Amino acid sequence: MKTSYHDRLPDVPAPPAFPRDPQDGRGPRAEVVSYGDDRHGRGLRALAELTGESGAGVVESLRDIAPDFADWIIEFSYGDVLSRPGLDRRTRQLATVAALTALGNAQPQLRVHIEGALNVGCRAQEIVEVMLQTTVYAGFPAVINALGVAREVFARRGAD
Amino acid sequence: MKTSYHDRLPDVPAPPAFPRDPQDGRGPRAEVVSYGDDRHGRGLRALAELTGESGAGVVESLRDIAPDFADWIIEFSYGDVLSRPGLDRRTRQLATVAALTALGNAQPQLRVHIEGALNVGCRAQEIVEVMLQTTVYAGFPAVINALGVAREVFARRGAD
Amino acid sequence: MKTSYHDRLPDVPAPPAFPRDPQDGRGPRAEVVSYGDDRHGRGLRALAELTGESGAGVVESLRDIAPDFADWIIEFSYGDVLSRPGLDRRTRQLATVAALTALGNAQPQLRVHIEGALNVGCRAQEIVEVMLQTTVYAGFPAVINALGVAREVFARRGAD
Amino acid sequence: MKTSYHDRLPDVPAPPAFPRDPQDGRGPRAEVVSYGDDRHGRGLRALAELTGESGAGVVESLRDIAPDFADWIIEFSYGDVLSRPGLDRRTRQLATVAALTALGNAQPQLRVHIEGALNVGCRAQEIVEVMLQTTVYAGFPAVINALGVAREVFARRGAD
Amino acid sequence: MKTSYHDRLPDVPAPPAFPRDPQDGRGPRAEVVSYGDDRHGRGLRALAELTGESGAGVVESLRDIAPDFADWIIEFSYGDVLSRPGLDRRTRQLATVAALTALGNAQPQLRVHIEGALNVGCRAQEIVEVMLQTTVYAGFPAVINALGVAREVFARRGAD
Amino acid sequence: MKTSYHDRLPDVPAPPAFPRDPQDGRGPRAEVVSYGDDRHGRGLRALAELTGESGAGVVESLRDIAPDFADWIIEFSYGDVLSRPGLDRRTRQLATVAALTALGNAQPQLRVHIEGALNVGCRAQEIVEVMLQTTVYAGFPAVINALGVAREVFARRGAD
């Protein structure tokens, strides 16, 4: 069996509409710049940069049934946790993909964060590599099911 | 609430005995060099580089009850999966920490891979950051329990 | 951030067809009255009171493939366990919603028990509150997915 | 088979040192009084009322490795989520016990929240009843393991 | 309650196109014959014998996004693990059904392996029995959801 | 890599004190004989045959905190479910080991049922084989942790 070690999947370009971290040009590890003390504003900005429209769509769809919960996603998940500078954004999104793949029952969220990983500059192959290694930790079913979600997202994103 | 954005934990130096990837000097993303077609040899080498003595110890402890399984860890997990070049080793180990934290019931493996993350040059704070963000995806108990394992490993490693 | 502490969701009236525990008039904690020693009869009665038609539908749909299993649901789950008097029925159903939300992969059952919680007099907002607090224990994905089920049920039930 | 429907376990008295919600005298459902807009203060107060010293101990033990995470527990978990008035405190703690029992791998947290349930006035038998019904949703192992934790806590608390 | 102890479900005949292990005529426990040292060839053969066309379909559908992963399924999962002679094939497939039922979130894989169990000569009732006993270990929701998948497969297979 | 296909582990003799199913002499699949309609008596008998003293010990240890739950184990788990004749006892216990290994957080129960598998005549190597194949479905950590429990049980049982 010959294992190929080269990227198979063509890059999926990130939509130009999403802001890029100026330090994040595939050079040394970039740190997210602190946006100040406003949890809500910081969260909205991180939500947009990390997940683009899909994340904002999820949050807004929750306002009818649980508006405080929608605010928790913006202010806690994104404002307090995911916008922290201790990890560059690409590593954050890849670690997110790893966790959601391992959980095995969070496919809607996996969809949002695969999009997010592409948005912040991860290559499609890097996203797949993270899923593949999760086979060791969570077994083949979790990864087969995650790859199915990835295929959908790449198809939707890659179309010109 | 004041959130600090600077590293809190002092660096834990990697033991000098473990080989360092020459490309991995905190510069651009390093790729693991392919070690050829020998799955067993490639696996042993990746096992040593990624997990040092703790991983080898786990594998050898399994030879009495399941020697083929011990070989699967070396040849499949490390030889086929974790030595792939598509992700640099630091990202691989951080993604591993994310998956094991989310699973919530793999503390012995988390211990090995926290050590492994330190071995390949991750900072202690980066390991903690990955655990912290897993709060969003898997809840607080999984992360509290993972941080307990991290504290043990840092204490054991940081001692002079 | 402004957190509102008042109920947001309008009450969804329970269908008048379902029997109400005479002690359960939003007063002191009501205890389920023991219905005697007939496990099957007691189970059928609890199944009807706690889940109405949706639960009975699930049970009957299982008779083709596993009739003994259908009887176990009636006799064990409802006859032995869920009809016990040690907790009032509203607390039982809210604890059920908490467990099913945390599990993350039991959406069909969550649907039945959200209906059941409404049937026994829980307010829609109380059901949502239990899901919201599960964020702390099981993370955001589990709760986002559970809220989606709740929205469906409330929409179907609230329509006049 | 004879099923007994009466409480088996003697009440475990709550330590007098913990503040009691004045509305919570086993009468109509009590609502937690809003403590104002200070997330940190509100959280510390709820942490003390809901979990007493064991919860505070867990939080403080995290300050060495992850001080921001310790603040998240106080400000988000307790300040934003668990102090909400939409559910009375006894129902909140019983729903928490249900979720942690179902998860099956959060025994340290189960210990804290069994204590917390006793603190807010739940009877030992009510805590056991919630665990018992989780058998239906998560199987016998999860409940056997949770009952073991409950036994420890009751023994430690009930001793004069 | 009357529990019947006889098979309820009519046998679903295995398609004649799939190779039968000559030792496997419902006599003493059959052992899989070793097919030699070619992992890929051994894996393809076991994949066909154990899962027929559905397994091969899954593997081939993965070649676009993760061709190495497709090979891992053939070479590791089937070539190294599932073709081992230490258990007869019917026991292997029934143990697989038990594990996938307990996991609760691997329904696509459960579909493939229920088919596989029928292919190697398990009776439909034996497959259902394994799911039923998993109620004790993983609770009712996991089993209700698994029985739903079984019903689909039996319907599709049993039709003449 | 040379994979050995022969049993590695010496047989662990079953204690002579446990009753053997007369049909179960490693010949054709044995069916458990129905013991009549007494759920409690049937359950006690199956508990003894399937798990020997360890299972009875677990049940009795629960009588202080939850006597009805102890009866549910006897009457439902063993009386209704695990004593059904549709699967021979060796297959039942191996399917149980598969489910508990996959769950990953039921080590006390795994201990009891590994003992039980040995009691009904499973070979040590068969128990290990079931755990090994679970690697495919649930990943390496779950299996590493289960093998650790198996090693303990074999050591304790095998000693003369």
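Letters A, B, C, D, E and F name the chains as they come in the text, with residue numbers starting at 1 for each one.
In the analysis below, a contact is a pair of C-beta atoms (placed from the backbone, for glycine too) under 8 Å apart; a residue touches a chain by one contact, two chains touch by 3 or more.
Just so it is clear, the structure is predicted and the values come from calculations on it, not from any experiment.
Asker: Between B-C and C-F, name the chain pair that shares the greater number of C-beta pairs in contact.
Answerer: B-C
Asker: Can you name the chain that lies farthest from subunit A, using the mean of each chain's Cα atoms as its centre?
Answerer: F
Asker: Report the chain whose mean Cα position is at the greatest distance from that of subunit D.
Answerer: E
Asker: Mind checking the centre-to-centre distance between subunit E and subunit F? Centres are C-alpha means, answer in whole Å.
Answerer: 21
Asker: Any idea how many Å lie between the Cα centroids of subunit D and subunit E?
Answerer: Distance between chain centres, rounded to whole Å: 43 Å.
Asker: In whole angstrom, how far does the Cα centroid of subunit A sit from the Cα centroid of subunit E?
Answerer: 35
Asker: At least two other chains touched by the same residue of subunit B: list those residues.
Answerer: Expected reply: 3, 68, 72, 76-77, 80-81, 84, 100, 103-106, 109, 128, 132, 135-138, 140-142.
Asker: If each chain is a node and each touching pair an edge, is that a line, ring, star, complete or other?
Answerer: complete
Asker: What does subunit F use to touch subunit A in their complex?
Answerer: Spelled out, the residues of subunit F in touch with subunit A are 135-142.
Asker: Under the touch definition given earlier, write down the residues of subunit D that touch subunit B in their complex.
Answerer: Subunit D residues touching subunit B: 39-40, 58, 62, 64-69, 71-73, 75, 77, 100, 103-106, 108-109.
Asker: Which part of subunit E faces subunit B closely enough to touch in the complex?
Answerer: Residues of subunit E touching subunit B: 68, 72, 76, 80-81, 84.
Asker: Per the contact definition, I'd like the list of subunit C residues that touch subunit A in the complex.
Answerer: 1, 3-4, 8-9, 104-105, 128, 131-132, 135, 140-145, 147, 150-151, 154
Asker: Tell me, which parts of subunit D touch subunit C in their complex?
Answerer: Residue positions touching the partner: 3, 5, 7, 26-29, 34, 76-77, 80-82, 84-87, 91-92, 94-103, 106, 109, 125-126, 128-130, 132-138.
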